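Each of the next two complexes has chain A plus one more chain, namely chain B in the first and chain C in the second.
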Partner chain A sequence: MINFDMLHQHYFLTMGPLLVVTATAFVVMILEFLLRRRAQAWLTGIAMLGVAVALAVAIAHFYAQPQLTLNTMVIDAIGSVFSVLILITTLLILWFTLDYSRRHHVAGEHTYLLLFAVVGALAMATAIDLITLYVGLELLSVASYVLVAVRTRSARSVEGGLKYLLMGSIGSAVLLYGMTFIYGISGYTNLVQIGMDATSLWASYPAVVALSFVLMLAGMGVKLALVPFHMWAPDAYDGAPSPVSAFLATLAKTAAFVMLLRVMLFLFNAVASNLFSWFGVLAAVTMIVGNLIALPQRNMKRLLAFSSVAQAGYVMVPFALFGATPYTDWYALFDSIAFYLFAYTFMTVGAFAVVEIVSRERGTVDADALIGLYRRSPWLAAALSVFVLSLAGMPLTAGFVGKVYIFTTAIHARGVWLAVILFATSVVSFYYYLGWLRRVFQRPAAEGAPADAGEGAAAQAAGAAAVQVVGAAAAPDVAPAPAPARQAAIHSLIAVCALATLVLGIVPASLLHPLALQRWF
Partner chain B sequence: MAAHAWLVPLLPLVAYVFLLVLGRRAPEWLVAGVSTALTFISFLLSLGVFRDAGQPATYTFPWLHVGSYTLEAGIQVTRLNALMLVVVSAVSTLVLLFSKGYMHGDERFAVFYQYLNLFVFSMLALVIAPNLLQLYIFWEMVGLCSYLLVGFWFFKPEAALAAKKSFIVTRIGDAGLFAGIIMLFLASGSFDVTTVLQAAANHQLHLGWISNDGLLVLTAILVFVGAVGKSAQFPLHVWLPDAMEGPTPVSALIHAATMVAAGVYLVARMYPLFAASQAALTTVAWIGGFTALLAALIALTQRDIKRVIAYSTISQLGYMMLGLGVGAYAAGVFHLFTHAFFKALLFLAAGSLIHALGTQDLFEMGGLRRKMPVTFWTFLAGALSLSGIFPFAGFWSKDDILAGALRHGHPALYAIGLVTAFCTAYYIFRAFFLAFAGPARDAEKHARAHEGGWVMTVPLVILGILATIAGFFNSPLNGYGLGKFLTPDLSLYQTGLGGYMAPERADVTVMLISVLVGLAGIALAAALYARPAAVDRIASEGKAEDIGPLYRLSYRKFYFDEIYYAVVVAPGKFIAAVVDGFDRYVVDGLVHLVRRIVYLAGLCLKYTQTGQVQAYGTVAAVALVVIIAIAMIRAGGVF
Partner chain C sequence: MQILWTPEMIAFFLISLAILACAVMLLSFQKVIYMALAIGGVFIGCAALYILLGAEFVGISQVLIYAGAITILLMFAIMLTNHEAVEPEARWTVRRVFSALGCLALAAVLWFVIRSVQWPQGDAATDINQGHPNAVAIGLMLFKTYTIPFELVSLLLIVALVGAVILARPPKEGE
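So, the complex of A and B:
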């Protein structure tokens, strides 16, 4: 006789957030059928409520003892920390959607697809079975393909979605292929069981293990947009609605990182530690190419896409160090990965939100839309400066602390060459990030001209400026300038992101302290 | 109560943020009202903290993990810190109130209050910092606020220059302090003040390349260099008189009562470190004594009322250093305490004069006794206190220092102190008589003169009362209460600091000599400037006609500015020009070259992004094949 109550608690401990989000997703799906019209904001609100509950559950179980359910789902430090991050990110993205759906038509599927994607992401964070992990990944991926292509009237959206689908499918296939080798030589799909036999298996089949590792790495590389598997990213980010772009850049990456972390550590640690140098190679290539290719970009969303490619390269650096570091020093690696992903999430979502407002107001995603932002809205200019400086890694921002942490761990673990590349490419990245800031604080050409021109020319220029202003006002706008009150959602989102970026930058212990209390393994 | 001490600096910060949000168009009454009210609450809280101060109470939280070391942030309440909280918040409240009248109508009134609040926050946070790093951060922040406020009227070229000068000169000291802090950290493994002092007192500071005793002297001197910069001691005293270009309330708050006293506070805070090496203490004493005399000599002939008081500040800070240096710890801190009140009073009274007349030149004043009675009486109280006349506050604290110098066996320093006391009484009463006695030298200005509103007179009166009675906190009449209160801070550290206790009974002879010397100075000033017969002589001095070489030497401040320009600034400019050329043509050239190459690489890579998904797939597939091939070779073949 099974003690039902025990069973219940057990399930809820390991899968609580996952169950809550799943239930919310179904509720939202059904309500969407029932309500249909003009209920997008309500649906998003319900979704946010559900995710908030899930987040509360995840936080309540933050320091729970490791526990296993059905040999498949687990609660442990990796699962807890990244579940919390995934759910926080979901809240931010839904918040973003709340604003977006007021101004643009959003497909009804948008909200619950997002929630199902989150279910997949949570599974990736908490499963320890290759099959379950793969199913989680596919749930996330398939939902993302649809989310990118959801604006069926926009050619770029469909194009981006299709490219993402094609490349993503290749990635999934390669990943699955890599997993089959492991299953082939061990006979298990469960990471714990494989881990127990690992030493003998790896000694007998070094080539198969290496092949499997490389294939899985390449498969995950596509999902993470690591160079040279990154090329879908700019098209998908550019084509997708802004909240979805932010979703791809943050939540999808976080989930892929945690899955990679778990699989690689369970399967390939210690015995196959030399394989971890491949992470270093990919990290180096990703940092170099991602930053260089971003230099000539003028499209803001594409630039953020390349920037997120480069940022993923930074996060890959600690992965490369697992092989060369004794277990006792792994805490720093876990902490640095988690801290950077937290920091990255806030600054990236914030940057996407500012870009969304700016491009909406100016009707273009070209970086020149930023010119004069400081004069139009000092607040947005300040917020964008925080995000951009954090992405570039200036002190007093979260990005700086994250980078320094990765940098010092790299030095400590004798990964000096990676640290040098991290530093050098960060310097390169200043060029394009500061290019944005230069535009933000630059005077618009029309305003600067009258000041130093002659009297007649001044009158002419003033006239021209007036014409421009009138013209701009009269031009048929896609979305008429909304009242400030209706902008509250996105402005508060930006404020929260900016605040988090600054708090993590000024008092990093606010996150590092809880992380330090986690027993990572 | 100590646990709530963090509220004390927080309230001015709240005021700062509030004003920041309010913007610069906010009405004056709201700006001044909120600032004064919040700082006043801070003051009340400080009183509570002071009442309950006993054993050091430390409250910290982890701020930053660096490797295995955890940096902490928080507060520490010792007896000294609690006293400083009271002094700073009291003077701040009064100056914030006074500024309402003084800055009335200024275009950037709200900005002025923002800066002042930021300063008050930084200063209060500085005095309760539990570790050296936090102390250094706020040390720099008060420097920054000082820079902003000295240059507040930045459209005046002198103000902009003075702000720059004050910032750069104090930076020299800050560099020394920072080096000292780093060395103390390396030697003790901690930034925590208590830990560092404990290690210093037990002679446990240790670095590989220097002997333990040498290390003590070196770190103490480096910390003292920071104090020399902040407290404008010789040879870094040149910035303080120029800083008088700032609005007068700023001079009262920052450049008299609080920030410049931070150097003295630092020496007092780190006293066990200094006490552990006799050489360091002697240095402190002699630098202090020399500065006291030097500044007093310069003050004899200045004609700008604020400069007279500024040099007097330098001189009095020298006294405090002298007191600390000879081992009269409590006397030094006590003088800081009384000086904060009477010097803030003198500055505010001077501010009241400047506000009324629109000039700072003593030779354009005169005859204001009847027109500005409140200013007259309060200035008199401040001047008597500064001159060390019984029973005003300055008498008790100055006498304490002089007696301390004698008691600890420094007769030479005692003599210097006595000469300085004579000069002090002379120059402050010279200013007093020039301003208030005799006929009006500028009839037009005199006609316009009037007393400021209650916001200006009330702080004057309160400070006047304090300048009169503050001395009784540590007089023989209450058994040297303040000294008894303060010294337990030191007895935590076991280095025979018993010798630094306050005296048990008063030395009446020393007191009598001090008062007589002060009275002699006043008498000389009265003879030269207050007699009706002196009018002609004053007029010729006002026109700077036929003055002797000694007078000129003092008036030109011993040519320190000129010497520094020739020795430091001019060579510095030359080196800067050379480096600038190198930077412009060699470094920049290289940077541009690298930038070109990097940008070109980015451009090339951009063309790989064709937009064709077939190409994406091909790149990925080829890369995968290459990776597999390399991995297989490294694994030693497929089979």
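So, the complex of A and C:
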């Protein structure tokens, strides 16, 4: 019997992180009205504090028994694991914002819009009701559209935001259209109730169920920037402020993946498992096109956008295997998706942070800005190498372990063709990732005074050197060069991301062990 | 599946035809102000469909909010800004031909799926409102079953409001 007694619900258990983040967002919003000027860093600090509390709540409930609230929100393994990942990503993005807002003008609304987007993402991770999931997705999407277009004076920012808005709205509409078919034949919006009726629905209306599946897949495909629907991604990533690009590439994708996972598993796993091979087609196309299209790309942010398209293709591989795998082996699929998303988050946020420093220093986002980075700042060069090698999938990095896990799972589930494509496209991706590394260690053709300063600094300790060089060379469109100490925020962010990438690569058990203790179903 | 030509069915087809006509006009008009009028027609048609389905409360709200408030607001916004704006003449390009073919293919798939299915038939005897008037039933749904999405929608509205203000306000000096 469904419990609708308002006072006796497990609100804090199922919605704890969500409530904490919502409260923080409102506090930040009100303070922003009161403080107005020069308070950006404080607001971001308060936001980080709130998110840290939410993360503590999420970790405290990590192994909680599954519970329902109002038949809408749930705490279970999928929700717990991905809530933790979403909140960690939020902390990293806010950390990035802390640095970014010091040298660029950032709209005061930036911080709390980000927090509201996170509320939407958490709702997508923990809701089991189609309406709630959809509202969560829209909350995340609307906040992201605004965040991309927020620099209203920059034509590229507005163009990216407008493209994202148009494509994203079509995606939402297609998704919603797919959901209405399921609602029309079942009469429920609750995933558990629909799941219980799934067998009879599939028996009576196979065409409608298949149509609904395809429409929902296409709608989520737009949100995930999978290949036939990826056109908005490079413009949006390029136009957005760097922290927002990192946000779109990591947090928004994680949330969309967990929503896709939940909806597809509850609605279609039992009976329509042969539909899951469509995921395989989409994954294969995404991996191939995403990697090939990135090859000639010179703009660093656009290259990261295409690379994130390709990475989403790798994560889609386990989705394709749910149909062919017996229930007892599903934990490997869940683990491989979760592990890859954790690894992907750290390396992508780190890469965006390094690209932000380099492009700010050189005043361009062209990949040639990387030339001679090793001489200017060995520390940044080392960090970027870690991120890029991890994205490409070199051993001893998190990306390698994640890819191997997906690869072996695919072989085990007889998805050999997907595994082969995964391997082949990873080899292709080495070409453009190593193109970056070649530039980093290349000797600059003609060096002026800044390079000499760089040489002097290189002799000092790595971290201090990076701080001084970057502090010394400021791009023309940027506020006056800040004191070296102020660089600490972004360098510590890069250090954390690099450390996490290496730790997950060398000791994968540090994440796999907590995942193995989860009871996925 | 055979179509029964009841009065409701005829009304449904007429209203749908009107909605589609307004939607096509919205896309083909070249003056922005006519587009706003056409979208008002779409909203009113949808309201008629809701009333036909027995959801009078939703139908009236649709007229009040969409046909009334939103269309009028759109008109005001257009009048106050660039009401002379004209869309360029549409021309057939290769891309548009392929888009049209794609749309036709999608329409064909939807048509075949919808026509091939024996849809569940509503039972006129069951009262889905469980004895409550329409508005009360909606209220019970909103505040009991769908409390959480209802609260999330309020956050969505705040984000939309703040976002619209940020994007529309003139850039301040020194930014």
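For this structure, a couple of remarks:
Following the convention adopted for this analysis, the second predicted complex is superposed on the first by the 478 of 521 C-alpha atoms of A that agree within 3 Å, B and C clash if a C-alpha of one lies under 4 Å from a C-alpha of the other, contacts with A are read in each partner's own complex, and residues count from 1 in each chain.
Throughout what follows, a contact is a pair of C-beta atoms (placed from the backbone, for glycine too) under 8 Å apart; a residue touches a chain by one contact, two chains touch by 3 or more.
Computed from a prediction, not measured in an experiment: that's the story for all the values here.
In the overlay built on the shared chain, the residue A:509 is in contact with chain B alone; chain C does not reach it.
By the touch criterion stated above, A:278 is placed in contact with chain B alone, chain C being left untouched.
Of the two partner chains placed by the overlay, only chain C lies in contact with A:131; chain B stays clear of it. Touch criterion met: A:228 reaches chain B, while chain C stays clear of it.
Once the two complexes are overlaid on the shared chain, A:211 sits against chain B and chain C alike. In the superposed model, A:91 makes contact with neither chain B nor chain C. When the two structures are aligned on the shared chain, A:295 is found in touch with chain B, with no touch to chain C.
Residues 207, 211 of chain A lie at the contact with chain B in one complex and at the contact with chain C in the other. By the touch criterion stated above, chain B contacts chain A in their complex at residues 61-65, 67, 70, 595, 598-599, 601-603, 605-606, 608-609, 611, 613, 615-617, 619-620, 623-624, 627-628, 631-632, 634-639. The touching residues of chain A, when paired with chain C in their complex, are 4, 6, 15, 22, 69-73, 105, 107, 109, 112-113, 116-117, 119-120, 123, 127, 129, 131-132, 135-136, 138-139, 142-143, 145-146, 149-150, 152-153, 184-185, 204-205, 207-208, 211. Listed in rising order, the residues of chain C touching chain A in the complex are 109-110, 113, 116-120, 144-149, 152-153, 155-156, 158-160, 162-163, 166-167, 171, 175.
Contacts from chain A toward chain B in the complex involve residues 162-163, 166-167, 170, 174, 206-207, 209-211, 213-215, 217-218, 222, 228-229, 231-232, 234-235, 274-275, 278, 289, 292-297, 408, 412, 428, 431, 507-509, 512-513, 516.
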